[in-house]
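For reference, the structures are reproduced in the following blocks.
Paired with chain B in one complex and with chain C in the other, chain A is shared by the two complexes that follow.
Take a look at the complex of A and B:
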């Protein structure tokens, strides 16, 4: 049984989309079913090792695509249907099967108005710091995480620096650090 | 003290007893001492900070604080072209910069869907294994220094300097190497390498042998390392351990064997494993891995000599790299474990998102579990044996 069939069999009806790029399989699952799917993949699918949890901000990604498509549509003079834009954020879980050495990416889309996901620290303790980092860098909260504090930035920091609308040079926060002196 | 139970006197006694109860109530907590170690401390490699609570010298809890060396490497990568990001990867694990370079190059090559010429693959392998030896030499040497054994450090560091000389001949830098380019390597092995390696392999092994004779069966060394921070394999896998830390727990997982890249599948080598996951096993795994690396370089050099001098070293890659849309993850076995690069491309000349999976990040998050119940001096031993590199940890 190939990896694709195996993933389809394990995830079943919760699979939204399965993409294959250069041999890296990426399965998208709905946000509400994320924890159940990951539990099933761990217990039934044999994906027993968590490599990493990755956050991503797709703010400008779809705007660019729209522009490209818009130009094409003008050239071809074909009106295009436009559904609601995809959610802004996504979280990718990198799983690994120690037995077979197969890797799988699980993608969960997170809309901007509901930045909350269930934690998977109960399944893999390895998700502890990666989830804290995703919270730090993107502002996505993980419900039930034992210690959801900022990891790399300092606690008083207000923004989420890896979001695409945060400027590269920062907003000058380091110049306004408040020290209690005297 | 007036112990009469009549009138105001009685009240004052009960009040006194109450106040004593209040102050003595949480006394078992107040006996713990909070001890802050780092971020600037000679034994805390780089800028690491641990806030410990101790009962006497026994550690009750240890909370690592990271981020003191956070430079926003991932954010920088989103605003640079693919080739510009290569020198920044040196600054992750500066003890074995070449492994970081090659890991990044291979990730971009996977994104582009190209394969580098075989001679370039062998040069990368030889350089990476030299970097692995150098990294392990630093780790073992510093572990000795932190436990009070200064001599082996010099035996090992002298050999590391010789390795750095080869790096300098090849691409001009010693520490932050920036070796290779996307699509291959820029230069053939230097001419002096052919004379240097047969001598160097013997001196590296001699230095290892001397270190082994000084440390391994040394009574003090054994007392300080055997059984310290022992960790079981199931916990290690749950915490996401990779590399020597995982192999010391008895799991023989090595990406060079399990997911062979470059030409590792043509080379015979063993994966040394430990049993108990303690500091001694980590030390032994690293010592044996250096021997295996010498074997790998010997075999790779034999394969390398079969190629003519003018064999191609670079695959043709466009000057401005614009990979197709898509996302990939590629991992290699760096000296510390699985070093992965996740790159998402949106079809432009800059990566849309770069995520680095540093190996010691996953190990260091289990630090509290590793050191709980040990002594403070064992915390230092544990930290040295993990080989936490702040540049890689904080990115």
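Take a look at the complex of A and C:
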């Protein structure tokens, strides 16, 4: 039984898309079923180890794709499928099975107007800091997280710097403390 | 300009400033503030191969109260700036600062939202060492430059008003 078949057997009903890119299996699941899917993968799929939780901002990616599509449409003069734009953010969970050494990516798309996901710190304590990092860098909140503070930037920092619309050189934020010495 | 003195049997005549500078320049105890890869080069410069202790940097102090030279080796993030300022403020006079490597000097390649663009804007720096990271020889050379700077200093002349007051009070 290959990994692909195993994943399909465990979470087949919740799969939006299952892609295999150069040996990396990647499963996209809907936002509402994220916690259930990960629970089932842990308990039934044997994925007992969480490597990382990653955030992703696809803002410019989709803009570029749209531009490319526009050109193509002009060239080919074919009516293209017009769907709603895909959600801006993605959260990716990297799972590992310590028993078999198999790896799996779980992708969840998070729309800009509803930046909230359930926390998975109840499943893996290892998700604590990665979730804080994703919150710090992208502003995605994890509902039920025991300590959702910024991990890398200081507490008074206002923005989420890994968003693509945040300038690389920042907006001139400086850290000041109460005991600051002139 | 070295240490000049007239010496006899059981007595020594020298300028007080030179005597002070002689003592200070021969014991610049470092405070290693290593935050990135430059810190590794600093460790190398301190260890037996290059042996910074040859030039008087004998004892590495891990408390700002008992050191003379703050060696800032590595990237200083904006989150770290208040800590650096506080460490500098906690050091007792006289104190000097070496900025080791491109990041400490100017922010280096990290022209980003999180990196402070050179520590010179928050604390006074005596010697800047370029390099990414600089070799241990570079750090030793900077220490020698700093020793030259200490020897050319006028510690009493800077405080002459205080000295004059003290002398007049003694009269």
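Please note the rule applied: the second predicted complex is superposed on the first by the 174 of 182 C-alpha atoms of A that agree within 3 Å, B and C clash if a C-alpha of one lies under 4 Å from a C-alpha of the other, contacts with A are read in each partner's own complex, and residues count from 1 in each chain.
Everything that follows uses one rule, which is that contacts are C-beta pairs under 8 Å (C-beta built on N, C-alpha and C of every residue); 3 or more make two chains touch, one makes a residue touch a chain.
For clarity, every value in this text was computed on a predicted model and none was experimentally measured.
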item: Chain B versus chain C as contact partner of A:3, first or second or both or neither; value: neither
item: Which superposed partner A:15 touches (first chain B, second chain C, both, neither); value: neither
item: Touched partner set for A:51, first chain B, second chain C, both or neither; value: first
item: Residue contacts with chain A in the superposition, chain B compared against chain C; value: B
item: Partner chain(s) touched by A:115 [first = chain B, second = chain C, both, neither]; value: neither
item: Touching partner for A:175 - first (chain B), second (chain C), both, neither; value: second
item: First, second, both or neither for A:161, with chain B first and chain C second; value: both
item: First, second, both or neither for A:24, with chain B first and chain C second; value: first
item: Chain B versus chain C as contact partner of A:148, first or second or both or neither; value: neither
item: Footprint overlap on chain A, where chain B in one structure and chain C in the other make contact; value: 152-154, 161, 168
item: Touch list for chain A against partner chain B, complex; value: 21-22, 24, 26, 48-52, 54, 56, 61, 64, 92, 94, 98, 101, 103, 105, 124-126, 128-129, 150-154, 161-162, 168
item: Touch list for chain B against partner chain A, complex; value: 66-67, 70, 72, 74-76, 79, 110-111, 113, 237-240, 253, 258-259, 326-329, 331, 338, 340, 342, 344, 346, 352-353, 355, 357, 361-362, 365-366, 394-395
item: Of all residues in chain C, those that touch chain A in their complex; value: 78-79, 81-82, 85-86, 89, 111-114
item: Of chain A, residues touching chain C in the complex; value: 152-154, 161, 166-171, 173-177, 179-181
